[in-house]
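Structures for review follow.
Same chain, two partners: chain A is paired with chain B first, then with chain C.
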Partner chain A sequence: MIEVAQLRKEYGDLVAVGGVSFTAETGAIFGLLGPNGAGKTTTIGCISGLLEPTAGTVRVRGHDVVREGTRAKASLGVVPQEIALYEDLSAGENVRFWGQAYGLGGSKLRARMTDVLEITGLLDRADDRVDQFSGGMKRRLNFACGIVHEPQVLLLDEPTVGVDPQSRVRLLDLVREQANQGVCVLYTTHYMEEAQSMCDRLAIIDHGHIIAQGSLEELQAQMGERDLVRVSGSFDENDLRRVFSRDEDVEVVTVDDAQATLSVRQASSKLPTLLAALTRADSEVRDITVSQPSLESLFIKLTGKELRE
Partner chain B sequence: MRFLLATVVKDLIRRRRDPIALLLWTGIPLAIGGLIFLAFGGDDAGPSGRLLVADQDHTVLSALLTGAYQQGPLAEIIEVEVVELEEGHERIDAGEASGLLIIPEGFSAAVLESEPFEISLVRNPAQRIVPGIIEESLSLVVESTFYLQRLFGEPLDVIVGTQPDDANVVPDSTVASVSVAFDQIVDRTRPYLFPPVIELETTSPGGDEEGFDFARLFFPSMLFMALLFMAQGLSEDIWRERSQGTLRRVIATPQRVATFLVGKLLAGAMLMLVVIGLGLIAGRWVFGIELHGLPMALVWTTFAGMMLLAMMVLVQLFASSERTGNILTGAAIFPLAMLGGSFFPFEAMPDWLASVGRYTPNGWALTKLNQVFAGELPALDLLQSIAAVALVIVVFVWLSMRRIRGRFAHS
Partner chain C sequence: MLRAAWFIARSDVAYLLRQRETLLWTFLMPPVFFFFIGSVTGGFAGGGGSAPSITVQSPEDAGFLADHVVRRIEEQGFEVTRSSDPDTLAAARRRLILPAGFTDSVAAQKPVKIEFATQSDAGVDTQYDQIRVARAVYGVLADVIVSADAEGTFDPAAIERLADEPRPLQLTVSQAGNRAEIPTGFEQSVPGTMVMFTLLVMLTGGAVLLVIERNQGLLRRLASSPLPRRGVVLGKWGGRLFLGLVQIGFAMLVGTLFFKIRWGPDLPMLLAILLTWGALAAALGILLGNLARTEGQSIGLGVLASNVLAALGGCWWPIEVTPQWMQSFALTLPTGWTMDALHKLVNFGAGATSVVPHLLALVVGTLVLGWAAVRTFRFQ
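Up next, the complex of A and B:
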């Protein structure tokens, strides 16, 4: 279990994480979804004891990471966003070293080495040097090194970035497997689909703040029955806002010269009225798309911007 | 404890995969040592020659250049004779000398203003080794004159009495070239070292007592030069630990950073132990140098090497980038080696310089090593010195650890 309370991390004037609180439960995957620079890695860094929080507390299985660092770290497994491996050692030697770093030894270590190399599909490459590996293989080995000591709490920082589709599927299965075995998994990503399919609970983070939190259903409920309608063409912002100001079913999320994003209740049946209103607002409509409520539409609704920028 | 061992093993395995670097660090001092041994080790049958110098510059600097051949090791093989240019050409054509060095007018001014300038060396085509040694030592002397000018520009100006504008600016590029200077020396001397060594051995079998004394004089310096190179080379690895992300991963484990650092130092020390051990064996039994207290010498030199490594690691940690770190440590080696008796032994240095040099870490350790070799260092003194070295290492590790936890691991 990870308990993060009012966590804050500043770099000089820059607030990388500004008062984040959440709890990740045992046997489940807790997702931290947010765009690049949102503060995900910084949060993970504070939990893993790599960074010292400016304020707030982090507890791992009840142990405060600042005051009882060694005990907190002992139950943690970390799979960093940047691959952290010895390029000039073999896959097996890497796994062995990181196992030893968590106090494993002897036959137990040997058994675990075989296990993790096996499940990551690297057993037949165990004696090959890491600098001969592909990106996907390195990612899998990076993961193997993070779980060799059977941690009860696992921190995964964007583990699928830059991975080939095959390795990706394999990695995601492995993560699910860990949670099923009772591990508390914290999973950060900027891929909405990944968060949606993988995580039991989620926090959406932007500019160092959590802007929404809950289970997938709870988050989708926040979005309401509303669909997201993206219109491209040319618009006058004031006219557009005026036209829809009285309509309860339509909310203008963003507008600029060439694009407008609207949050609309039951958009499919409202499209004709919508188009009529747009014409009244002197808009020119070139293209219109309707999407069902999703994490992405929630993100857009909450922040007024797309997740992938 | 188990993690300490794991770190040592891990680093030793990694080192074994990079034998070229190991060869390089130990090969450079060996090559330089070989050159000097070549110069000293032989008896009358060894190389010797006459260098004619036509000095048209007539300044302190040109005299300094000529003087380099009249001192220390080179004086033993090269006899310098100052001549007029005409006469010099005539005599070299007649094959009466190994080389003719021509220092044209304006040399001194050009050096002080860091302008490109040519001095020429006419080699006797009939000879091979001695002109080679002259040529190589010449470029070494010219280079060091150049560096001296860059590093101590002002005092040098005072001596010579001119006043260039930008003498005490030390640009980055200069510092960088200091660190590569040794490589160049070795590169250049290689052709003269290897094949001729064999030729020479056939002409001067055995070697006499005198030869052994010279080797004995240079031998400890060579060991320390190897240690300095190793310390610098090994210290770079801390940047690799950082760029590979492994340093951060270590911090996320329940282990102490200090354990990890000490493990790295121990791995380095073990390599030094092997290199020094082989060096001692070679010195004692291959070259027949009279050395006492070999086990003590081995222990002491290894501790000293570990201290140098800890020092270099600390310098790396306080540098702003890997490049800067390597330039800083590279630039530190040059004066340390020169001053600390690791290039030319203290006995071959002016007294005042030697007495300063004995206060450098390597110079201090070298002095003790010489006492061990001479059988003059009491066991208690050695133990105290080892304790002092251990204490220094502890302080360096503590500072390094703070630096790593503070800033080094993050940005």
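Up next, the complex of A and C:
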């Protein structure tokens, strides 16, 4: 279990994380979803004991990360965002190094090395140097090094960035498997679909703040069963807001000269009315898309911007 | 903490010993440099293994006494070449010029002037040369007096006999105190190269590994592990120190076996000096690894720093042949402390206590640099 309370991390004037609180439970995947620069890696850094928080507390299985660092760290496994491997050592040597760093040795270490190389599909490449590996293989090895010591709490920082679809599926299965075995998994990503398909609970983070948090159902409920309608063309903001101001079913989320985003109840049946209203507002419509309630639409609704810029 | 340090040190040593660059600069290049620098600097002060050379100019009418002078000089351990070519004479490291009509002038009891000149006019070595040449000339003078008959004339045969006879009174002149011969050739190049290359490997390989580890996020990952950070830093230093000692040990072995280096009577002190030198170089390597941002930076800075420190500290040539201000300046550098201590212990037989200041300077230097390395150590 990871308990994060009022966590804050500043770099000079820059507030990287500004008072984040959440709890990640044992045997489940807790997702931290947010765009680049949101503060995900900084949060993970504070939990793993790499960074000292400016304020707030982090507990890992009851141990305060700052005051009982060694005990807290002993049960942690970390898979960092970057591929932190010795490129000119073999896959097996990398796994052995990290196993030893976490205190494994002897036959136990050998058995675990075989296990993790096996489940990540790298056993037959165990003796090959890492710099000959593909991006996906390196990601899998990065993961293997993080779980070799069988941590009870696993921190995964964007573990699927830049991998081929096959490796991605394999990695996601492995993460799910860890949670099923009772590991508490914290999973950060900027991929909406991953968060949606992987996480039991999640928090959406932006600019160092958590803007929504809960199970997937709870978060989708926050969308209020509304679809997201994105219209491109040319708009006059004031006219647009005036036209929809008395319509209960339509909410203007964002609008600028070329793009408008609306949150609409039952959008598919309401499209003709919508287009009529847009024409009344002197808008020119070139393209219109309707999307079902999703984390993406929630994020746009909450922040007024797309997750992937 | 010690467990962590041990683990990190072991891993680093294993890693570094597998790098081609480390092997090249630790085991292969030093002996090559022993040989080349040793061969090139062999004539620096004329000492070392071969006899010092002296060029004697004796005009054709110098007579048989000139031959006798040459013989006496050879007895003093010089290798004598005769020449009357002005260029050869000008280029000679030491030259002795006998005047025209030398023998006749002596026979006529006229004052003669023998000129002795050396290229470098400073240093103990030159004084030693002068002493020996003077001794040879006085020897000739004594022979002349002894072999002269009542009328004051002497003949070549009498002189010849004298030269072969054991002398009734043998004056053995040796310098008071220890033999102070400037190390040249291999005696200079083996310790000098050893000291320099230890630094080079620490400042390049040792620093680069740290930069790679930081840029790859490996240090970040280590900082998230339960290994105590101080243990990690200690291990990084210890691993490099061990590697430095391996390098020093190997250099001493090769120096002893193939270059006939004798390490002097104060081996424990010598080893203590080299140990602290390794410790200091290792700390400097960590410090450079902390300051450099890229691999290129650390290699560039490392090569530059180790060459400058080596040259100014007297690793390339015996510092004793350089001007006094350079010798003084060398003693402000750790390379200078080490080289000076090695020369004192190995070549000048100055005794262990004479290098206690050097040892203290190296220890303090290690502590200061080690402190700086710990303070500036960045895990990311």
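To be clear about the criterion, the second predicted complex is superposed on the first by the 309 of 309 C-alpha atoms of A that agree within 3 Å, B and C clash if a C-alpha of one lies under 4 Å from a C-alpha of the other, contacts with A are read in each partner's own complex, and residues count from 1 in each chain.
Here, contacts are C-beta pairs under 8 Å (C-beta built on N, C-alpha and C of every residue); 3 or more make two chains touch, one makes a residue touch a chain.
This is a predicted model, so every value here is computed, not measured.
Visitor: With both structures lined up on chain A, is it a clash or a fit for chain B and chain C?
Guide: clash
Visitor: According to the stated criteria, A:270 is in contact with first (chain B), second (chain C), both, or neither; which is it?
Guide: A:270 sits against neither chain B nor chain C.
Visitor: Tell me the contact category for A:87 with respect to chain B and chain C: first, second, both or neither.
Guide: Once the two structures are laid over each other on A, A:87 reaches both partners.
Visitor: Give the label of whichever partner, chain B or chain C, reaches more residues of chain A.
Guide: B
Visitor: Between chain B and chain C, whom does A:73 touch in the aligned arrangement: first, second, both, or neither?
Guide: both
Visitor: Please indicate which partner A:139 is in contact with in the superposed arrangement: first for chain B, second for chain C, both, or neither.
Guide: neither
Visitor: Looking at the overlay, does A:97 come into contact with chain B only (first), chain C only (second), both, or neither?
Guide: Both partners, chain B and chain C.
Visitor: By the touch definition above, which chain A residues appear in both interfaces, chain B in one complex and chain C in the other?
Guide: Residues common to the chain A contacts of chain C and of chain B are 48-50, 70, 73-74, 76, 78, 80, 82-89, 97-98, 100-103, listed in rising order.
Visitor: What does chain A use to touch chain B in their complex?
Guide: That would be residues 48-51, 69-71, 73-74, 76, 78, 80, 82-89, 93, 96-98, 100-103, 105, 129, 145 of chain A.
Visitor: Which residues, counting only chain B, touch chain A once they are in their complex?
Guide: So the residues of chain B touching chain A come out as 2-3, 6, 10, 13-14, 17-18, 244-246, 248-255, 409-410.
Visitor: Could you list, by residue number, the parts of chain C that touch chain A in their complex?
Guide: Within the complex, chain C contacts chain A at residues 7, 11, 15, 18-19, 216-218, 220-228, 379-380.
Visitor: Enumerate the contact residues on chain A facing chain C in the complex.
Guide: Contact set of chain A toward chain C: 48-50, 70, 73-74, 76, 78, 80, 82-89, 97-98, 100-103.
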